[in-house]
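There are two complexes below, and they share chain A, which is joined by chain B in the first and by chain C in the second.
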Partner chain A sequence: MEKGTCNQGTQRKLVLSNERIAGLLKELLDCSEAQGISACFMCRTCSSSCPIATLEKGFDPVKLIRMCLYGLWDQLLRDPTLWLCTSCYACQERCPQGIKIADFITVLKNLAVKKGEPPPGIKAQREIITQAGRVYPLDEFDNKKRAKMGLPELPTTCTVVGRLIGAE
Partner chain B sequence: MKRIAIQRCCSTPVLLKQYETSTDSVLRRLGVEPVDIQNFGCCGYPLRTFDLEAYLACSAKNISLAEKEGLQVLTFCNGCYLSLRQAYHYLKNDDNVKAGTNAILAQDGLVFRGTTEIVHLLHFLISIKEKIHDSITSHLKGLKVATHYGCQLMRPREVVDFTQHKPPLFFDELVEITGAESISWAAKQDCCGAPIYGLNPDISTRLLVKKILNAKEAGASLLCIACPFCQLQFDHVQHRLLAEGRLDQGLPCILYTQLLGLALGLDEEALGIQKNKIDLTWIKDFL
Partner chain C sequence: MKYALFLGCTIPARARNYELSARSVASRLGIEFIDIQDFVCCGFPMKGIDRRAAWLMGAYNLALVENKGLDVCTLCSSCTSALTEVAHSMASEEDHGDMLASLEQMGFQYTGKVKVRHIARILFEQVDREKIRKTFEKDLSGLRVAVHYGCHYFKPSEVYEGFDDPEAPYTIEELVRLTGAQVVDYPGKKRCCGGPVLPVEEKAALTVAKQKLDDIREVGADLICLVCPFCALMYDGNQKGIEAEFEESYNIPVLYLTQLLGVAMGIDRKPLGLNLNVVKTKKLLERFY
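Showing the complex of A and B:
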């Protein structure tokens, strides 16, 4: 397979609604960069570095990379193990090819929210943050309690969050 | 007095107010004023998995507010630290990402320039270690402590402030300033499991128990933490495991600002040690 062409097929299959994510994914897939996932030669350093893979056989970073390279988007974006990644970055730190594995998995999670089936917990978290601007909502009563402890008042809404993801 | 913008975490106002009060108290004792910028919101971390664009905008918003004030940003949460630093890294190195994010910020009259610095509380404290050394009033002698750095303080290397602190021994040094002994343990750099507790409590607690047992085996009598999510895992979740009989013997944990606060002789109420779930009242015997 010619350098620089091996992923074109898989990229064409994917229609993205968010250009920014498409850009990030393209960067991560790019064959001409050392950090692109096609540089993976399956040494499995990521698998043996991964704290989740040691406990849960179904989760394996190298499996996610392979599925992406084979263009198995349907299975990949519906794979529940995708959500077990804790973003601890142990795989990325140790990859001899310099592949940004944890960042790649974060991009996959973004795509799964848009195209696949995110777990109910993720959907719930999205709802909360859209409404409250934070994952642990605060109200005026909380701010009164904070004031009693000498802590500053915190905003109970966030305009940026509401505007960016609330409109959908 | 040095002024620094403080990024308060989303979990601390609800579940760990003692981390905020102890951090404020420690900083003030060391001659640093934590500045709360109005409209400082979520760091964007929880948005990373849904929408990278929204995440970048949230992070960049806080960074640009701090830049406007000419202040550095201090975080006491590893999640906020990675989130802000990674956003800074993306925006600084990619003009397209920067332009796109700035177009969103412009609606609030803000602009990201990339003129400030994001520092973690531990990095900041190690930079003023002489001052800390001189301010200690009592040493915690004979206390064996296992330091838990937390993943996102250490990785990924191109984003976190790694080169400046290589090998990563700054937390151990900060613990030893208080007179306690920092022990060496194998699972030190492993993940505590906190990020997936909500999605898969079984795997999450298995990661936690693995760390607790390893630290105990290495001879630790206390874990020291500097991230609210790790603290919730080691304190709240461990407390639940003990109460439900799923863990025979636990290992107490303390926030670094509480440990340092004890050595600095700070007000007990501000340190909030009685607010921790797992009993720590015995720690005063070491003073």
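Showing the complex of A and C:
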């Protein structure tokens, strides 16, 4: 399939005043994960395999795919339920059409972050990883506890992640 | 057998029982672990925010290992999938040129040589069953074990190149059976622990975890055996919270696979970190100590 043809909406001329959104949209349609989604034939194997869709009414992987196919991109990237996906891959492993559903949702999350703010918990995680190099930074007290158990001490600071990804 | 031990973030800070037991069991089996001080987060928690950043973090860690001419042993399933995805992507047609260039600018080289394996996978694939059996001093028969595989131990399956079977997983159960313990099947065995949504929607995460605790209580298992610190956080760390939230009572001990194997090996409670498990294991394991 040619890039960008996964979505009927791309055949229409994009009338988006906001250039930034247009850029994100291009990124979405160009990424390999989105290329296959037009093959979705609504069997709902994904929804019935999803541990979240079975208990949170607002969340449904096939809904996210259909929204993309129907061209509801702005709404899609604003959808707070994106963040309910656990990336468990249950849907992706079972989709008879081989759609990389979980990876596609990861792409949507990335674009939602570029477009606006991630949920507070996720944002805090990003900041701490960038600054400390780990989700749970270690301090001298941790190292003392580790040493007492015979475990090797670990660094309590880290600048490499900030340099590696922070500059972007 | 020698591996760089990748601890990730959660284990050295919050799951030292896993680290202790993994080191103890590996040493009994003659597996040598090399600690690399400069490791950073595997990148998994960054994936939803910025896939490029996540890839770079994974590749940085693997570059450190490659530099030492080693392969990686992981303990956390999320670390396993994040690093396996990076390793696997190097063999694909995708172009990582600009990201590899960013790494090189910082003085690190990664060419894709490193193999990433979870410790359970190493025990399953690389260590002779007889050799494992010979280290056992206690017979665990009579223990009814519910195995929780979690998700990223073997998914997405395309990057794991045929390891285990996400629809009918068996590798951990086979290792548990070596101890003489009985593996009990239960509905919902393949369900995710819910952990990743904990920072976003706590109630949903706890509900997902509760469903599994319900299923496991129903079949009357004595304990849950698992291989990931996130999953342990949900079933062990949050078990009391789930009991309070939903007015339930479970009291089901949760052991890492390495702790269970360690019990069979006759290793003391302390070097297995059993005293650090939140749901107490003392009564369950009384007859072995």
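In this text, the second predicted complex is superposed on the first by the 125 of 168 C-alpha atoms of A that agree within 3 Å, B and C clash if a C-alpha of one lies under 4 Å from a C-alpha of the other, contacts with A are read in each partner's own complex, and residues count from 1 in each chain.
Assume contacts are C-beta pairs under 8 Å (C-beta built on N, C-alpha and C of every residue); 3 or more make two chains touch, one makes a residue touch a chain.
Bear in mind the structure is a predicted one, so any value in this text is a computation, not a measurement.
With chain A as the common reference for superposition, the partners chain B and chain C occupy clashing space.
Contact with both chain B and chain C is seen for A:L164 once the two complexes are overlaid on the shared chain. With both structures placed on the common chain, the touch criterion links A:V113 to chain B and to chain C. Contacts of chain A with chain B, set against its contacts with chain C after fitting on chain A, overlap at residues 51-52, 55-56, 83-84, 86-90, 92-93, 100, 102-103, 106-107, 109-110, 113, 119, 121-122, 125-126, 129, 133-136, 138, 142, 146, 149-152, 154-155, 158, 160-161, 163-165. If you check the complex, the residues on chain B that touch chain A are 8, 10-11, 13-15, 17, 20-21, 24, 36, 38-42, 46-54, 57-58, 61, 82, 96-97, 100, 104, 107-108, 151-152, 154-157, 189-191, 193-196, 198-200, 203, 206-207, 270.
Interface residues of chain C facing chain A in the complex, by the touch rule stated above, are 7, 9-10, 12-14, 16, 19-20, 23, 35, 37-38, 40-41, 45-53, 56-57, 60, 102-103, 106, 151-152, 155-157, 166-167, 190-192, 194-197, 199-201, 204, 207-208, 211, 273. Interface residues of chain A facing chain B in the complex, by the touch rule stated above, are 18, 20-21, 23-24, 51-52, 55-56, 83-84, 86-90, 92-93, 100, 102-103, 106-107, 109-110, 113, 119, 121-122, 125-126, 129, 133-136, 138, 142, 146, 149-152, 154-155, 158-161, 163-165. Considering their complex, residues 51-52, 55-56, 83-90, 92-94, 100, 102-103, 106-107, 109-110, 113, 118-119, 121-122, 124-126, 129, 133-138, 142, 145-146, 149-152, 154-155, 158, 160-161, 163-165, 168 of chain A touch chain C.
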